[in-house]
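In the two assemblies presented below, chain A is common to both, partnered first by chain B and then by chain C.
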Partner chain A sequence: MFKDKDRYLSIVLISPSIIAVLIFIYGFIAWSVRVSLSEWKGLTPDYTFAKLNNYINLFSDPRFQVDIRNTLIFTGVFVVGSIVLGFFMAVMLDQGLKGEGFFRSLFLFPMAISYIVTGVVWRWLMNPAEGDRISGLNLLFSNLNLDFLINKWHTTETWGIAAIALAAIWQMSGYTMALYLAGLRSIPIELREAAQIDGATELQIYRHIMLPLLAPVTLSALIILGHMSLKVFDLIVAVAGKQLPLDVPAIYMWQTTFDGLFYGRGAAIGILLLISVAVLIIPYIRYTLKTETQA
Partner chain B sequence: MRKISIPRQIVTQLALVAIGFFVILPIWGMVRLAFDGSLMGRPTEFRLLPKVWAFEPFLRVLDRPYQSVDFLTLLRNSLVVSFGAGLIAIALGFALAYAFARFRFPARQTGLFAILLTAVLPPVAFMTPLYILFSILQIRTSLLALILVYAAFAMPFCIWNMRAAFQAVPKELEEAAFLDGASDFKTFLYITLPLALPSIAVAGLIAFLMAYSEFAMGWFFVDKADNVTLAMSIYAMTQSWGGAQPWSYLGSLAIIMSIPVVVIFLIFQRALLERMMFGAASDS
Partner chain C sequence: MKTKFRIGKNWLYIPLIALAIFYLLPMYVMLVTGFKSFEEIDLQTMWNLPRGLALDNYIEAYGSLAPSLWNSFLMVIPAAAISSMLGSLNGFILAKWKFRGADFIFPFILFGMFIPYQSILIPLVVFVNATLRPLGLGGIPALVIAHVIYGIPITTLTFRNYYASLPQELLEAAKIDGADMLGIYRWILLPISIPSFVVVLIWQFTSAWNDFLFAVVLTSNRSWPITVALNNMAGSQIISWNVQMAGSLLAALPTLLVYIFLGRYFLRGLLAGSLKG
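For the complex of A and B:
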C-alpha cells in the first residue's frame, strides 16, 4: 500500500535507531562476556585472558553456592505462593459476589506500592527482635497469645530468604489474580453450564474443566514470576539490607564489582544471571511471537 | 448471572475478607507508623491506631528528609529523572515501534525478538559496562546518568507496547486516508497517531512509574547526595537506621513518596494492568 520510495525512506530513517539499540545492548553483553573472561580487578582495565577461571571459581565459591540456594528457595516459595493465592483470589472473585469490584481493586493495590515502600513496611512487620524489644508481627502474635507463630523471619537459618518471598507474594499475588481472572472470563459460560447439567460439582468443574483450560495462563504466570524472582535483589536489600545469609547473585555482583572492584568476577555473575533468565524466557518469547503472527 | 447458595456466599465473603486483611495490614501499619507522634525509635506496641495522632513526622521529613538535602530537591530529582526517562523511552522507541508494526523488512522478526528479549534480561548484567562508560563520560553520578539508565530499561517495554498500539489501528483506515490523497506522513499524523495515542501515553506512564520507584540501581551510580531521588533517599534512610530516630519519619516519607504512584495507579488501573500482562491473558 505504501509507495516503495516512501517505504525505503522510512527504513533509512528508522534503521539508525534499530542499530543503535541493538549495538548498545548486545554490544554491552559482548563486552561483559569479554570482561568476565579477563583478570580485571582494580581500577585499571586489564583484559588479560583468564579462560573460564572466573566462572570456575564462582562455582566453588561458598558464597555463590549460598546465592544459588537462596535463589532457588525464593523462586520456589514466591512462584508457588503467588500462583496458589492468585488462583484462589480469582476463583473467589469469579463467583459473582457483591463487592467484587472492591476486592479486586484492593487485591491489586499492593502492585501500586514501590518495592522500597514494601521494604519499609515488611522490615517493620518482620522485625526479628526478641524479648523486650519484640516488634511488628511477632508482637501481634504475642499479644494474641499465638506465641508458636513467633519466628525469626529473615534471620532464620537457611530459610530466611523465604520470609522475603512472603513480602513478594504480598506484592504480586494481585497481579497473578488479574491474569487468572482474565483467563476465567474468557472461558465460555456454556462449558460450565454443560458440566453442571451433567451433574458435576463446582469443585469438579474447577478441577477438571477450568484448571486444564487455564494451563496457558499458569504457564505465563510461571514464566513471568519466575524470571522476576531470578532478577530480584531490590526487594531483598529494601527489607533486610545486604546480609550474607540473604545473598543472591545480583547482590554479590553489586558488592564484588562496586565495593571490591573485581570486575572480572562481577561480569561473570552478570552473564550467568543473564543466561539463566534467557533460558527461561527465550522459548516463551518465541512462542508469543509465533502465535501473534499466526493470529 | 449464576446463583450460588447462601452458605457458600458467606464462606467466600469471609475468605475474601481474610485475604483483604493480609493485603491491608501492612499498608495500614505504615499509615499508623507515620501518624504516631509518640514514637521514639522503633514501635514497642502493636496497635491499630496511633497512640498520639500527629502530623509532626510529615512536617519533619518535609523539612529535612535526607542528610542536608531538602525535600523539594529530592522531589525535583525524582520528577526530572522519571519524566526524562519516560520521554526518552517514548521518543526513541516510537519510530522503532511503528516500523515493527507496519513495515516489512529483512530480519524483522529477529529484530523484534532481540528487542523484546532486552525487556526481560536482568538489569544488573549491564551495570558494569554502564558504570565504566558513564565514568569515562564523567556523568556517572549525575541525574543524566539515572535518566539514561532508566530510559534504557524502560524502552524495550515501551517499544513492545507502542507496537501493539500501532497494530491495533485498523489498516483500512490508513488505506482510506491514503486513497483520499493524504501522504504517508499526514496519514500517520492525523489517523494513526491520535488512535494510538492513549496506549502510547500508558506506555510512557509505566516508564515513568518504573523510574520513579527505582532505588537500587540508582545507588550503583549516584554517590552525590544532591542527585538522589526520593525512592533512593528512603533506601538510604533504612540503611542508616539505628533505631535512634522515630520510625514515623520513615513511614511518613514512604507515604509521601507513594502518593503520586498510588493516584496514577488508581486512575489508570485497567489500562496499566492490560499493558503489564504482556498479552499473557488476552482473550485470543
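For the complex of A and C:
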C-alpha cells in the first residue's frame, strides 16, 4: 500500500528522535544506575563497584527518612486538596452560572507561572513572624479577627511541608478542575434528566451518577498529581531554600550531587525517584493506550 | 431543560468569589507591593494599597534581572520552535505512516514525559561538560538542547493525537493523486495543523520558561535564565522583599500574557499532558 521509498523515508525522519530518546532517556538512566552502584564521590568519576551500598546507606540515613516523611505528608495534602477543591470548583462551574468563563480562567492562571515565582511570593505570604512583626497571611487573619488561623506555616515542626503543599494546591487545583470539567461535559445530559425525572435530588445525582462516572478522571488526577509530588523540587527550593526540616528527595539529590559531590548517593536517590514514579506511571500508560485502541 | 439547573443557584457565587479572592491574593500582593514607593515599604502594611504609582521596585528589579530575562527569551524561543517542528514530524509518522514497531515504540517515548529528571541529571551534566561546553555550546545552547530532547515525548504525543483524529481518506485521496509522503505532510497536514502548533509552542514556551532544574545545573552566572536569577535574588539577604515581589511579576509576566491571550490553547496543552489529548 505504501511505497517503499516513503517507508524508508519515514524511518529516516523519525530515527533522530528515537535515537535521542534512546540515548538521553534510557541510556542516561542506565548510566545513572551504574553511577548509583559505584563509589563515585568527588570530582573525578570512580566507577568502582560498590554493590547496593548507596541504596542501603540511604535507608538508614536520617536525612532520607525525613525526606520520605515529607514526601508522604506533601503528597497526601497536595493530592487530596487539589482533587477535592478541583472537583468542587468543576461542579460549581458546571451549573451554567454567568461568568463561568471568568472564574475558570481565574482558577487556572497559576498554572501558567513558575513554581519559583509561586514559591517566592508564598514565602512572604507565609511569614511566620509574631507579635509586632506579624505580616503576610497571619496579619490578614489578625485584621479579620480570625486569630485562631494564625500559624507558623512552613516553620511548623514536622508538618511544615504541609504549608508548602498549600501553595502547590493554589498552583495546581485549577488543573484538576479542568480535568473534572472536561469529564462532566462528556457525561450526556440525558442521564441527568432521567435521574431528575425519577426524583433524584441534585446532590444524589452528583453522588450516585456523576461521581462514579468520573472515576477515570479521579484516577488520572491521582496519578498525575501523585507523580508530581514525588518530583517536587523548585517550589520547596523557592520557599525554603535547602532547609533540612523541609527537605525532599529531589533536593537531597541535587545538593548531595552538585554541592557535596557524592555522585553515587545522588544517582541512587535519582533512581529511587524513578522507580517510585514508574510504579505509578507505567500501569497508567498501559491503561490509557489500551482504552485508546478500544475506542 | 438546561434552565432548570439555573434556578436558585446564585448562592454559589459566595464560594466562587471566596475562591477567586484566594487565587488573586498572591497576585494582589505582587502588584500592590511593586507599585509602592520605597518609603511605603513595610511588611506590616503589606496589604495596604499604594499611595501613588511608584515604579522604584520595578526599575530596581529590572535592573538586576534584565540579563536573565533576555537569556530566558534567547533560550525559550528556539527551544519551542525546534520542539514543535520535531513533534509535528514525529506525530505525523507515528499516526499516519506507521512502520513496523511504531506502536511498540510509542509507550517508551511517552514514559520519557514523566520521568523525574534527577534520574538522568548526572549523565546529562557529564555529557554537556564533555561535549557541548568545549565547543562553546554550554549554558544557553545546552539548555535549548535539553528542552528539545526532553520535550520530544509531549510534543510527539500532542501532534500524534491530533493527526490520528484526522480521517484517513484525506491521505488516501492525496495518494491517489500521486502525492508522496513528504508532499502529503507539506501540502495537506501542515496547513491544517496550525492550532496544534500553537498548543505545542505555548506548552514548550511555558515549560522552558518556568523550568528551574535543568537551568540550575546547566547554566552559570552569565547564562542564568530568569527562574534561577529570581531564586537567587530571593535567597539573598541584600535585596528586600518588595524588589523580590516586583521581580516575581516580571518573571511571571511573559507566560501570564500568553495565558491571558491564548488561554484556550494553553488548556489543550494541559489536558494533553495527562495523556487525554
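In this section, the second predicted complex is superposed on the first by the 287 of 295 C-alpha atoms of A that agree within 3 Å, B and C clash if a C-alpha of one lies under 4 Å from a C-alpha of the other, contacts with A are read in each partner's own complex, and residues count from 1 in each chain.
Here is the rule we use: a contact is a pair of C-beta atoms (placed from the backbone, for glycine too) under 8 Å apart; a residue touches a chain by one contact, two chains touch by 3 or more.
Worth saying up front: this structure is predicted, and the values here are computed from it rather than measured.
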Quick check on the superposition: with chain A as the shared anchor, is it clash or fit for chain B versus chain C? clash
Is A:F233 touching the first partner chain B, the second partner chain C, both, or neither of them? both
Now for A:A250: first (chain B), second (chain C), both, or neither, which partner does it touch? both
Could you look at A:G270 and tell me whether it touches chain B, chain C, both or neither (first, second, both, neither)? both
Given the touch rule stated above, what does A:S17 touch, chain B (first), chain C (second), both, or neither? both
Pick one for A:L97: touches chain B only (first), chain C only (second), both, or neither. both
Touching A:S186, do we find chain B (first), chain C (second), both, or neither? first
Chain C-contacting residues of chain A that also contact chain B: 2-3, 6-7, 10-11, 13-14, 17-18, 21, 24-26, 28-29, 31-32, 35, 88-89, 92-93, 95-97, 103, 105-125, 127, 133, 135-136, 139-140, 143, 170, 174-175, 178-179, 182, 220-221, 224, 227, 230-231, 233-234, 237-238, 241, 250, 253-254, 257-258, 263, 266-267, 270-271, 273-274, 277-278, 281-282, 285-286, 288-289
Residues of chain B touching chain A in their complex? 1-2, 4, 8-9, 12-13, 15-16, 19-20, 22-27, 29-30, 33, 42-46, 92, 95-96, 98-99, 103, 105, 109, 111-118, 120-131, 152, 155, 171, 174-175, 178, 184, 212-217, 220, 231, 234-235, 238-239, 247, 250-251, 254, 257-258, 261-262, 265-266, 269, 273, 276-284
Would you tell me which residues of chain A are touching chain B in their complex? 1-3, 6-7, 10-11, 13-14, 17-18, 21-22, 24-26, 28-29, 31-32, 35, 85, 88-89, 92-93, 95-97, 99, 103, 105-125, 127, 133, 135-136, 139-140, 143, 170, 174-175, 178-180, 182-183, 185-186, 192, 217, 220-221, 224, 227, 230-231, 233-234, 237-238, 241, 250, 253-254, 257-258, 263, 266-267, 270-271, 273-274, 277-278, 281-282, 285-286, 288-289, 291-293, 295
Chain C residues within the chain A interface of the complex: 1-2, 4-6, 9-10, 12-13, 15-16, 19-20, 22-26, 29-30, 43-44, 46-47, 86, 89-90, 93-94, 97, 99, 105-112, 114-116, 118-127, 149-150, 152-153, 156, 180-182, 206, 209-213, 216-217, 227, 230-231, 234-235, 241, 244-245, 247-248, 251-252, 255-256, 258-260, 263, 266-267, 270-271, 273-276
Touching chain C in the complex, chain A uses residues 2-3, 5-7, 9-11, 13-14, 17-18, 20-21, 24-29, 31-32, 35, 45, 88-89, 92-93, 95-97, 103, 105-125, 127, 129, 132-137, 139-140, 143, 170, 174-175, 178-179, 182, 189, 193, 196, 220-221, 224, 227, 230-231, 233-234, 237-238, 241, 249-250, 253-254, 257-258, 263, 266-267, 269-271, 273-274, 277-278, 281-282, 284-286, 288-289
